[in-house]
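Here subunit A shows up in two complexes: once beside subunit B, once beside subunit C.
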Partner chain A sequence: MAATTLDAPTQGSRVHQDTPKHDWGSPTIYFIALLLVATMLAPVVYIILGGFRTNSQITNSPAGLPAPWVFGNYLNVLKGGVFWQEVLNSTITAVATTIGVVVLGLMASYVLARYRFRGRGAMYTLFAAGLMFPMTVAITPLYLMIKSLGLINTLPGLILPQIAFALPVTIIILVPFLRAIPDEIEEAASIDGCSRLGFFFRMVVPLSVPGVVTVGILAFIGSWNSYLLPLFVLNNEATYTLPLGVQAFASQYSVDTAKVLAFTSLSMIPALVFFSLFERRIVGGLTGAVKG
Partner chain B sequence: MNLLADGGSAAAVLPPSGAGRRRRGIGWAARLEIAALSGPAIIIFLTFVIFPVAMAAYYGFFSWKGYGRPTDFIGLRNYVVIFQDGLFIDALKHNAVIVVLSLVMQGPVAIGLALLLNKKMRGKSVIRVLIFVPYVISEVIVGTSWSLMLQTSGAVNDLLKSIGLGGFAHDWLSDPKIAIWSLMVIISWKYIGFAVLLFLAGLQGIPVELHEAASIDGASYWQIQRRITLPLLGPTVRIWAFLSIIGSLQLFDLVYIIWGQYIASTAGTSTMATYMVGNGRNSGNYGYGNAVAVVLFVISLVIALVYQRFVLRRDTEGALTEGKK
Partner chain C sequence: MATVTFDKATRIYPGTERPAVDALDLHIEDGEFLVLVGPSGCGKSTSLRMLAGLEDVNAGRILIGDRDVTDVQPKDRDIAMVFQNYALYPHMTVADNMGFALKIAGMPKAEIRTRVEDAAKILDLTEYLDRKPKALSGGQRQRVAMGRAIVRNPQVFLMDEPLSNLDAKLRVQTRSQIASLTRRLGVTTVYVTHDQTEALTMGDRIAVLKDGLLQQVGTPRDMYDTPANVFVAGFIGSPAMNLGTFPVLDGMAQVGSAKIAVPRVVIDGFKPEDKNSVTLGFRPESLDVVAVETPDSLQVEVNIVEELGSDAFVYGSLLDQTGKPSQNISSGAGDAQIIVRVDPRQVPKMGSTIHVRMRPNEEHLFRAGTGERITTV
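After this line comes the complex of A and B, so read on.
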C-alpha cells in the first residue's frame, strides 16, 4: 500500500504522490478498472441472470437478459431437498476440516516455533515437504487407503485427508506468527507462574488469531470447493457435497439449462459471502506469509 | 492457502532458520508436551499424505485391479507402457503448453493490475474483492458455466453475432486448434486473482522511502516502477511462477469437468492428471494409475528442484521462507 501511506503524512510528500496521478490520468485508471471488473464478473453475472430466465429465452438468445424475469428456477431448487442436503454435507465437511486444521496446525506450529529439541528441523522439513505432495498425485493410493478404512461414502473420508493435506500450508503460515511472539511475554508469564501449556492456551491462542483466521478461511474455502477427493470418495448421492452436486445436477438436467444455472448460482453464494467478509484478513495473512 | 496446497513451496527445501533462543533443557514434561501437541498432526499427516504417496510407488510395480493384495509383480512394465502411450505423451505436451502459457498470459497482466490496485483510487477495496471472485468460486462452477457459455449455441457466440462479429464464432470447446486457448482463457480468468493477491502482498513490503527518494531525484512514475518496484517485486514473482508451474502440471479439475476424460484427449486439452484418473481408477487399473501418479510426481519434483536450485536461490531473503529474525 505504498500509495496510501505515501499520501498520508506531510504536505511535502503529497506533492510527490501527485506526480504519478498525472501520468496516469484518472479516467484511464477507472476505465481499466471497470473493464477488469466487467471481465471478472461477466461469467458470474451470466450464471445468476440465466437462472432468472426460461429455457426458451436461453435458446433464442443465449446472451440476452431475462425478459420477463422468472423466479421458478430458483424456487424449485430451494424447495427441493437435494440442494439443502448438499449444503449440509458441504458445511459439515468444511467446518470440521477447518476446526481440525486449525487445532492440529496450531498445536504442531507451537511446538515447532517455541520448543527447542532434537528433530525439530526434521519435523519442520517433513511438514514442509508435504507441499510437494498435492492431492492429485496421492489420490489413487489415498482412495485405496480410505476404502480400506471403510470411509468410502462418509464425510470423515473427506475430512481426515483434507486436514492432512492442509497441514503443511497451515504450519508454514503459523510458525512465523508464533515465533514472532516476544520471549519477554513468555518469561513474564512464567514468572507469574504460568506453565508452558498455560502460556499456550492463555497467550499464544489469543495472539495468533490473525494467522488462524487466515488459515481457517483458506481451509474452509479449499474444502468447500474441493472436487477431486469427493469425486473419488463419494458415490452415493446422499453424501454428495455441492461441487459434485452441481455436476450431477448439470448432467441430470442437461436440457434444463435455466435450472442448472439457478442451482449453480445458489451453490456459489456461501463461499462468496465468506470470502467477502474476510477478504482483508486473507490479504493480511498472506502478506505475513510472503514477507515472513 | 489453497493455492499453496495445489503446488509446492520454496519453504519445502529451505530449512527453518532456527531462532537462536535460550531455552531450558528438555525435561520429561517438555517431551510429553511436544508429543501431545505435535503427535496428532504428525499421525494424521503420515497416514493420509506420506503413506499413500509411498504406497503409490509400491503399487506402481504391479498389474493390479484394486482387489486384495497386489501379487502380479511386473517390474517397470507399467512405466514402459506409459511412455509408449501416445495419449500420455500428448497429455505431457499439453501440460508443457499450459505451464508456459500460464506464465506468459497471467504474469504481466497480474503485475500490471497489482500496480494499478496499489495506487490510490476510489473503490479500490471493492475492486480488490471483485477480482478475487473467480478465484473463490469452485472449479466445478467455473467449468459448468464456461462450458455452457462456450457451446456452439452458447452465449459467447451469440454475443459475437449480435455485435456483428459472427465470423469469429467458433466451436470453442471441441476444435483441437482452439480448445487449448479456451482452456487458457478460463485458467487465466480463474487464477489471475490469486497472482494479483500475491503481488499486492509483495508490493506492500516495498519501503515507501525508495519511491520518495526516486521521485525527489526526478524519476517519473514509470521509471520508478521499472527500476525500483519491479526488481524488488522479483522474489514474489518468482514464488508465484513456481506455484503456477506446479499448479499447471497438476491441472485436473477444470479439464475433467469441461471436457471429461474422453473428449479431453481429442480436443487436445488432456493433462497428465486426467490421463491418470481415466486410465487408472476409471478403468480399474490401479497399478497402472499409481505408476502414472509416480511419473507425475517425479516430473513435478524434478522441475520444482531445478527451479529452486537455479531461480529461487537468488532470493536470499526469499518470500515464503520463514524470514530472518
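After this line comes the complex of A and C, so read on.
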C-alpha cells in the first residue's frame, strides 16, 4: 500500500527535474553572453578582415567581407623590417622586465613574508604605496630622471622604470603566497642542515612557481601593452616598441587604411598567443603556495 | 654516547611573565625512550623544541652527550625530528624527501640511494619511493617522516606528537611499530604526547609536566603505582583515579558514608593549610563490590554503566551519611562522580546502590594543602 502511493509523486518529479537543468543551462543567459561576446569581438574581426581588402573595397562597402581576398597588405607588413624590429624591441623589453620583476620581487617578498624585523610593516606599506602612483602622475619627474641618467631613447631606460612600477603588484601577490608555506617545513629543513639561503633556493623557489608564473604573466603583459612610457622615452623609430609602432604606422600611412588595419591586426597576435597559452596559470598563483 | 641533559633549562616567551618551561632538570640515558607527557600548554613541545634548537634557551643549558649544545644550530646537533604534521617537502618525491639531509651534507649519490632504500625496506615504503607526498595516505606520510629521521643515523630522535593525526586503529598499530623500531635501532628518543596511554605503553621512562614544571619522572610502573602528587595521580591511568579531600576525625577519614582508617603518619604531619583533611585517591580497579555493608564500605549510586567488553565501569555518585550525593569526590568523569570497575558479567542496574570497599594498601594518600604524596611505608 505504501509503495504504490509513493511511486506516483517520485515519477512525476523526476520528469520535471531532469530536462531544464540537465546539460545546457539557461538559454537567456547564453543569449546575453553571446551578445556581449559579439560586441567585443566585432571591432577585432573588422580589423582583421579589413587587412584582407583593398582601400577601394573599404571605401565602397565599409562593412562588407573581403571580395576578393587580398594578401598584399599583410605580406608587405611582414616583409618590411619595421614590424619585426618593433616585435623584437617589445620582446626584449617585456622579457627583461619580467625577469627583473620576478627575481627582485620574489626575493623581496620572501624577506617581507618570512623574516621578522623592525620596519617590516613600514617597508611593506612602502611597496604597496607604489600602487598609488600610476604612470601618468609620475611621468614628468620620471622623464627628467631618465634624461639625467642618459637613458633616453634606450631600452634600459624603459625596462628599469617598468620593473619599478610592476613591483608593488608583484609583492602584494607574492607575500601572502609565500607566507602560506608552513613554518614546519622551514624547521624540518633547518634540522636537515639547510641554511636560510639554501632554504630559499631549494624550497621556496620550487614551491613558489605558481605565484611566479602569475606575477610573470602580469608583468609581461603590462610591459607589452605599455604606451605612455615608451612614448616619452623613445624617439628613434628603430627603438620603438609595438604599441608605439602601431601609432606611428597609422599616422604615417593614414590614407592607406587597409595597410594600417593589417599592421594593427598583426601586432595583436603575439599578445593574444601569449595570453591564450598562459591564461589558465594566472589563477594558480593567486591561491596559497602549499595546500595540506 | 648520546645522553640528553636538560640543566635547569628555562624558556620565557617575550612579553609573558610565567615561563613556558621552568628550570627543567632532566637526564636521559643513552638508548632510552623517554616520553614527555602533560596537558596542553604544559611546556612539553617547548622543551622538545629547545632540545632541537628551534627555540631559544633563556636560562640553563642543554647537553647532548657531553657537548653543550645550547647555542649550537639545529643542523649541527646531530638530531632528527618527526613533526606532528609530518612537514614533508611537497615538491619532492619520497626518496628525495628522505635523502634531502644527506644531499645537503654532501654524501655521494650511491650511498644516499643505499641508505634510503634500506630505510624504505624497514618501513615498508619501497613501492612509494617515487611518489610525491600528496599521493600518500596519512599513515604512509608518517612513515616517510620517520624514514627521513632514520636515514640520518642521528644521536637523538625527537618526536612531536607523531600519532595525533592518525585514526585510532592506525594509531595503535603505529605505536607498537615505533616502539619496536627505536628499540631495534637503539637510538635515544625523546617523545612528546598528550596521550597518557601512549606514554605508558611506549616509554622506558615518563616525565609528566604541568605549567612548565616537571611533576615526576619515572618508569610507567612507578608513575602508576606511586604518583608523586595529586596531578600525576589524576593524569596517569585511564579511567583516571578517583580523588577527594576528606576531613579526618579521630584517626578516621569520613569518605561519603564510610569511615576509612588513616595511618598515624598522616595525622602527625598535619600542617595548617591541610585543615585537618587528607586527599585520598583510589583507582577504579582498587574497589571491590561487596554484598554486605561494612563500616568502611562506600555507597555508590549507579548513574551510568560503560561496558567495554572485557571490563565494565560504573559511573556513579558517592553517597554520604544522609544518602545524598557527595560533592567531595572527582574522577575521570568530572566532579562529584566516582568510577568503579566491576565484573562485566554482573553489571548493576542503573539507579541502584552498590557497596564498594577499597582493597587494603591500594589507596593513595596526599597532603590536602600541597598535593604531595604521603609515604606510608
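The criterion applied here is as follows: the second predicted complex is superposed on the first by the 257 of 292 C-alpha atoms of A that agree within 3 Å, B and C clash if a C-alpha of one lies under 4 Å from a C-alpha of the other, contacts with A are read in each partner's own complex, and residues count from 1 in each chain.
Note that a contact is a pair of C-beta atoms (placed from the backbone, for glycine too) under 8 Å apart; a residue touches a chain by one contact, two chains touch by 3 or more.
The model shown is predicted, which means the values in this text are computed figures rather than measured ones.
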| item | value |
| --- | --- |
| Three-chain arrangement built on subunit A, subunit B and subunit C clash or fit | fit |
| Per-residue touch tally on subunit A - higher for subunit B or for subunit C | B |
| First, second, both or neither for A:184, with subunit B first and subunit C second | second |
| Contacts of A:129 with subunit B and subunit C, given as first, second, both or neither | first |
| Which of subunit B and subunit C A:194 touches, first, second, both or neither | second |
| Touched partner set for A:145, first subunit B, second subunit C, both or neither | first |
| First, second, both or neither for A:203, with subunit B first and subunit C second | second |
| Per-pair minimum CA distance [subunit C against subunit B, superposed on A] in Å | 7 |
| Subunit B/subunit C common contact set on subunit A | 290, 292 |
| Complex contact set, residues of subunit A against subunit B | 1-7, 13, 16-17, 19-21, 23-24, 26, 29-30, 32-33, 36-37, 39-41, 43-44, 46-47, 50, 59, 61-64, 104-105, 107-108, 110-113, 115-117, 120-121, 123-145, 160-161, 163-169, 171-173, 175-176, 179, 183, 196-197, 200, 214-215, 218, 221-222, 224-228, 232, 242-244, 246-247, 250, 257, 260-261, 264, 267-268, 271-272, 275-276, 279-280, 282-283, 286-287, 289-292 |
| Footprint of subunit C on subunit A - complex, ascending | 182, 184-185, 187-195, 198, 203, 206-207, 290, 292 |
| Subunit A-facing residues of subunit B, complex | 1-2, 4-9, 11-16, 18-19, 21-23, 26, 30-31, 33-34, 37-38, 40-42, 44-45, 47-53, 55-56, 59, 66, 113, 116, 118-121, 123, 125, 127-134, 136-142, 144-146, 148-149, 153-159, 162, 189, 193, 197-198, 200-206, 208, 211-212, 215-216, 220-222, 224, 236, 239, 246, 250, 252-253, 257, 273, 276-277, 280-281, 286, 289-290, 293, 296-297, 300-301, 304, 317, 319-325 |
| Contact set on subunit C toward subunit A in their complex | 52-54, 73-75, 79-81, 83, 85, 87-91, 100-101, 104-105, 134, 148, 152 |
